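Same chain, two partners: chain A is paired with chain B first, then with chain C.
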Partner chain A sequence: MRDGCPTVAVFFDMLDFSKNYFELFGLPVSYIVDANALSDRYRDLQRIVHPDRFANATDQERRLSVQGAALINEALETLKDPIARGSYLLTLHGVEMDAQNESTQDMGFLMQQMELREQLEEVRRQDDPYEAVLDISNRVNKQITSLVGQMAVQFETPTDDQLAAAREILRKMRFLQKLRSEAEMVAAELEDELS
Partner chain B sequence: MALLQIAEPGQAQAPHQHKLAAGIDLGTTNSLVASVRSGNAETLPDAAGRHLLPSVVRYKADGIDVGHVARAEEAADPLNTISSAKRLIGRGVQDIKTLGSRLPYRFIQEHTTVPRIQTVAGDISPIEVSAEVLKVLSDRAEETLGGDLSGVVITVPAYFDEAQRQATKDAAKLAGLHVFRLLNEPTAAAVAYGLDKRAEGIHAIYDLGGGTFDISILRLNKGVFEVMATGGDSALGGDDFDRVVAEWIMQQAAIGDDADHGLQKRLMRAACDAKEALSDADEANVVINLDDGSCWEQALNRETFNQLIDPLIKKTQMACRRALRDAGLTPEEVSEVVMVGGSTRVPRVREKVGELFGSEPLVNIDPDRVVAVGAAIQADILAGNKPDDEMLLLDVIPLSLGIETMGGLSEKLISRNTTIPVARAQEFTTFKDGQTAIAIHVVQGERELVSDCRSLARFELRGIPPMVAGAARIRVTLEVDADGLLNVSAKEMSSGVQASIGVKPSYGLTDNEIETMLRDSIAHASKDKLARSLREQQVEAARTIEALEAALLDDGDRLLNADERSTVESALEELRRLAQSDDLKIIRQGIEELERVCGFYVERRMNQSVQQAMSGHNVEEFE
Partner chain C sequence: MAYSDKVLDHYENPRNVGTFDNEDTSVGTGMVGAPACGDVMRLQIKVSDAGVIEDARFKTYGCGSAIASSSLLTEWVKGKTLDEAQQIKNSEIAEELALPPVKVHCSVLAEDAIKAAIKDYAEKRPK
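Our next item is the complex of A and B:
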């Protein structure tokens, strides 16, 4: 690192890995994120750190710049997505989820999901399969939105019980996310067949 | 360095010394160079006033020809005249075998992973061919601008994979150029139209060349471009328009499929002329000299022409819709459509694209030059000539990157259309007790099975301390820089053993492969998912069985009494039976049951392993 190069100094401050993603973006540690502030701050940071700003710099500076820009991209991806954000917040509160093997035991919820899944499997037998898929997607999205609302409450002043509740909501969200991507895949197939 | 900056004699030293920089559009058929001069970005012509440089290099015993001269000699000297370097660059021997049958060159595949072409001037790699084209263009720029270039921006197709990007950068290095950045062609086109000066919006770049079609969806927000999605068809272009017109002529003139080479060429020529004429006129006259000496003549009107090419345009529209879907957008959300590539001169193309997006496409910059112009603007900024410019171009990776896991499956670490630079890590573990090395295989592609993806790099992490299967934690990190180039590293977390590799593969995907892979992944996605889940369970079952067998052999006698041992063994036998099933639920339950039954044994082994580690012994000593 060279002295007297303000960009690099700012950059090092930013690359402080002890900072969490919220701090990196200068945002309060909260489940509710101001989307505009997030994207504004993202651009400000990338303008400083992006490798294009170091087109003429030394190899070491360029390497750091790549790492910094990658960190900022990762932070954005995490904070932007309600599921990744929830899971990250849980981590910050010391709760590590086992993404692969955890699933909800809420029978009511599971029954509801099974029904949706069955509908998705039978969508091709509907009069208008495409509409039917969109309908399923919409319902899944609504459920996710409603869970996002519930999640925000858990993180206001989280107690252990609330963190446990947040964890359960996340398990459900993951479930819905999977269902949504399957619905999107079916929609894509149908679109291709129609066009 | 700054202290030693020397001004040319007689030249006033400006407070901000203007650095010379150029943008290069390294094309399949033609290449161009452009630069910003007195505030304007423009393509630079050669001494004869020609802007386009044919991307053709002819190797002779006493030197080389590049460009127009080489192209003129191509038919006479096909073996030594290389005109498809962009299609070959970054490809491996296997790819060339597929492509090679259609190319006249003599490929040499020994002693090297980079395929080389035999010419009278020696064996030449596609990278060297591209380097010659780059040299001619940079020389042209330096002569025109009157000084050395401080750096260049070279454009590449958005779908170019890591190997192709790396090879392009290598070509620039060979040509002695400093590359500021590899820039995606669609992004360059958007920059050329000054779309970066708008406050915000979503833009589509529709690029229909002679043989390829690309669509990119870009989002601009306060000076930052993000590529949201890219797609296309690497075997679709203006040449296909010519082909359908030629077929129409053959049908009308009752020419059979057995038409000789000469007649075929005349047909394609006549078709191309008709296509170009129909860009302005409503009707074109087609004249063909037949082999029997007679002459066939008929008018082709625009309506018929449109009918002929509509199915082809429809294919591009489908690719547009898919890209929009990837970006999560509807056509109405796209505010501007930029037209790139010579084939967008066809009025029907403009009309249909306008219809799809519901807006008039932008066509006022020459579609052949627009990419080079954009690259020049970006080069000027990266050279530091516009310190106040806030433009920042963020690109995405075109194909997902994954690591091979058990059972030949690709575990995707970075999914396609992720903004770069990006770094992702994932932990893997050992499969067998005492395993000291792990093979890491990085693949690129959308399919679930590794065999359906493109292999990018293989390497081994050695020196892992022997541990119980599953105890080692191997963290593999994939890092992709702003040019789309990959770096892989691996580290065993408990011991700190490390390995890293800058991926410099000698091969890459063929365009057709990319396209087929993308299409297949969509078609097979659901089938794949199911096959994958089943296979995962089967692998998991086999792994559990093998681990338990090894454990029993190792310390079963020491750690278990006869009763315990028979419980474990009957549970093991049960899973062996269930693992044959093709119902993944049954297998999963079987594994869970076995794990439950053997929980106490696993715990005892773990304790033993910890005790051994603490007393400084390793597993082998006890064997």
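Our next item is the complex of A and C:
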């Protein structure tokens, strides 16, 4: 065995391509993810597939290490993001969302989304535009936090009803995430103008 | 991605932007959202007692194609009966605006919005 290079067997065991992302990271299949454990485990896994360790490896081993690195990154991105993680969990429970086409029918929610976007459009006319953007961002973040909490509950012991509820929460989260990134853009513009 | 001239025209000069009073019983309001892009669209119609759409307003937060789809739709529905407006297909909007396949969902959103507005109007009317 070459020095510093894991045997293919060890490597396969660590990076079993049939494991789901939670298993890959050695985490419980849950909506609540321990961020510290996630980043610790990510570092461990990255070390295993680091290109330096495969400098003298066979082509096949090198190929596997590249695939492994891609898998680890994809898993991290999925588990880190509240929307991606929710969609992934739904998939694990056999629910495939049609993110492109399905929307929330909750009129009250959509109305509120409209109002928040109108307010964001108006911030420049406020006495303190920057403060006004922060206020919108805070409200959006609070809503997202609240939905994250509701989502976690749905996935504790998910029945069909709860999976349906999680799906609806995800639909709403997408609107909030879009609004948050728009508010961040406006805040960045205002900062540029002030500096 | 390049927008067609018609999309750009509606994007730069959107027709019928605004709101009607939702409490008015001659007004129907359709609110729809596109989760993929986080777009939100509000489309309102003002309907005569004879069931003809006299005026329409919209407000859309979204991409150029979503704005153009709703702007075009407000032009199209004016003077139409509710039945006629109900028949408008998203494919007609997509064709008129030459929307690329990835933007066809914006025209679907507009079709959903007019249907929702007609439904809202019908529900508000005393039976």
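Just so we're on the same page, the second predicted complex is superposed on the first by the 185 of 195 C-alpha atoms of A that agree within 3 Å, B and C clash if a C-alpha of one lies under 4 Å from a C-alpha of the other, contacts with A are read in each partner's own complex, and residues count from 1 in each chain.
The definition used in the following text is that contacts are C-beta pairs under 8 Å (C-beta built on N, C-alpha and C of every residue); 3 or more make two chains touch, one makes a residue touch a chain.
None of these values were measured; they are calculated from a predicted model.
**Q** Chain A superposed: clash or fit between chain B and chain C?
**A** Here the two partners, once superposed via chain A, clash with each other.
**Q** Figure out whether A:Gln177 sits in contact with chain B (first) or chain C (second), or with both, or with neither.
**A** A:Gln177: touches chain C, not chain B.
**Q** Taking the superposition on A as described, I'd like to know which of chain B and chain C A:Glu189 touches: first, second, both or neither.
**A** It touches chain B, and chain C stays clear.
**Q** Mind working out whether A:Ala37 is in touch with chain B, chain C, both or neither, as first, second, both or neither?
**A** neither
**Q** Contacts for A:Ala99 in the overlay, against chain B (first) and chain C (second): which applies, first, second, both or neither?
**A** second
**Q** Decide which partner touches more residues of chain A, taking chain B and chain C as the two options.
**A** B
**Q** Looking at the overlay, does A:Met111 come into contact with chain B only (first), chain C only (second), both, or neither?
**A** After superposing on A, A:Met111 lies in contact with chain C but is clear of chain B.
**Q** After the overlay on chain A, which stretch of chain B ends up in the same space as chain C: 367-375, 547-555 or 583-591?
**A** 583-591
**Q** In the complex of these two chains, what residues of chain A are touching chain B?
**A** Chain A residues touching chain B: 39-40, 43, 46-47, 50-52, 55-56, 66-67, 69-71, 73-74, 76-77, 182, 185-186, 188-189, 191-192, 195.
**Q** Would you pull the chain C residues touching chain A in the complex into a rising list?
**A** Against chain A, the touching part of chain C is residues 31-40, 42, 59, 61, 105, 108.
**Q** Under the stated contact criterion, what part of chain B meets chain A in this complex?
**A** Counting only chain B, the residues touching chain A are 150-151, 180-181, 221-224, 314, 317-318, 321-322, 325, 381-384, 390, 392-394, 418-424, 479, 481-482, 522-523, 525-526, 529.
**Q** Using the touch definition from the top, list the residues of chain A that touch chain C in their complex.
**A** 99-104, 107, 110-111, 113-114, 117-118, 171, 174-175, 177-179
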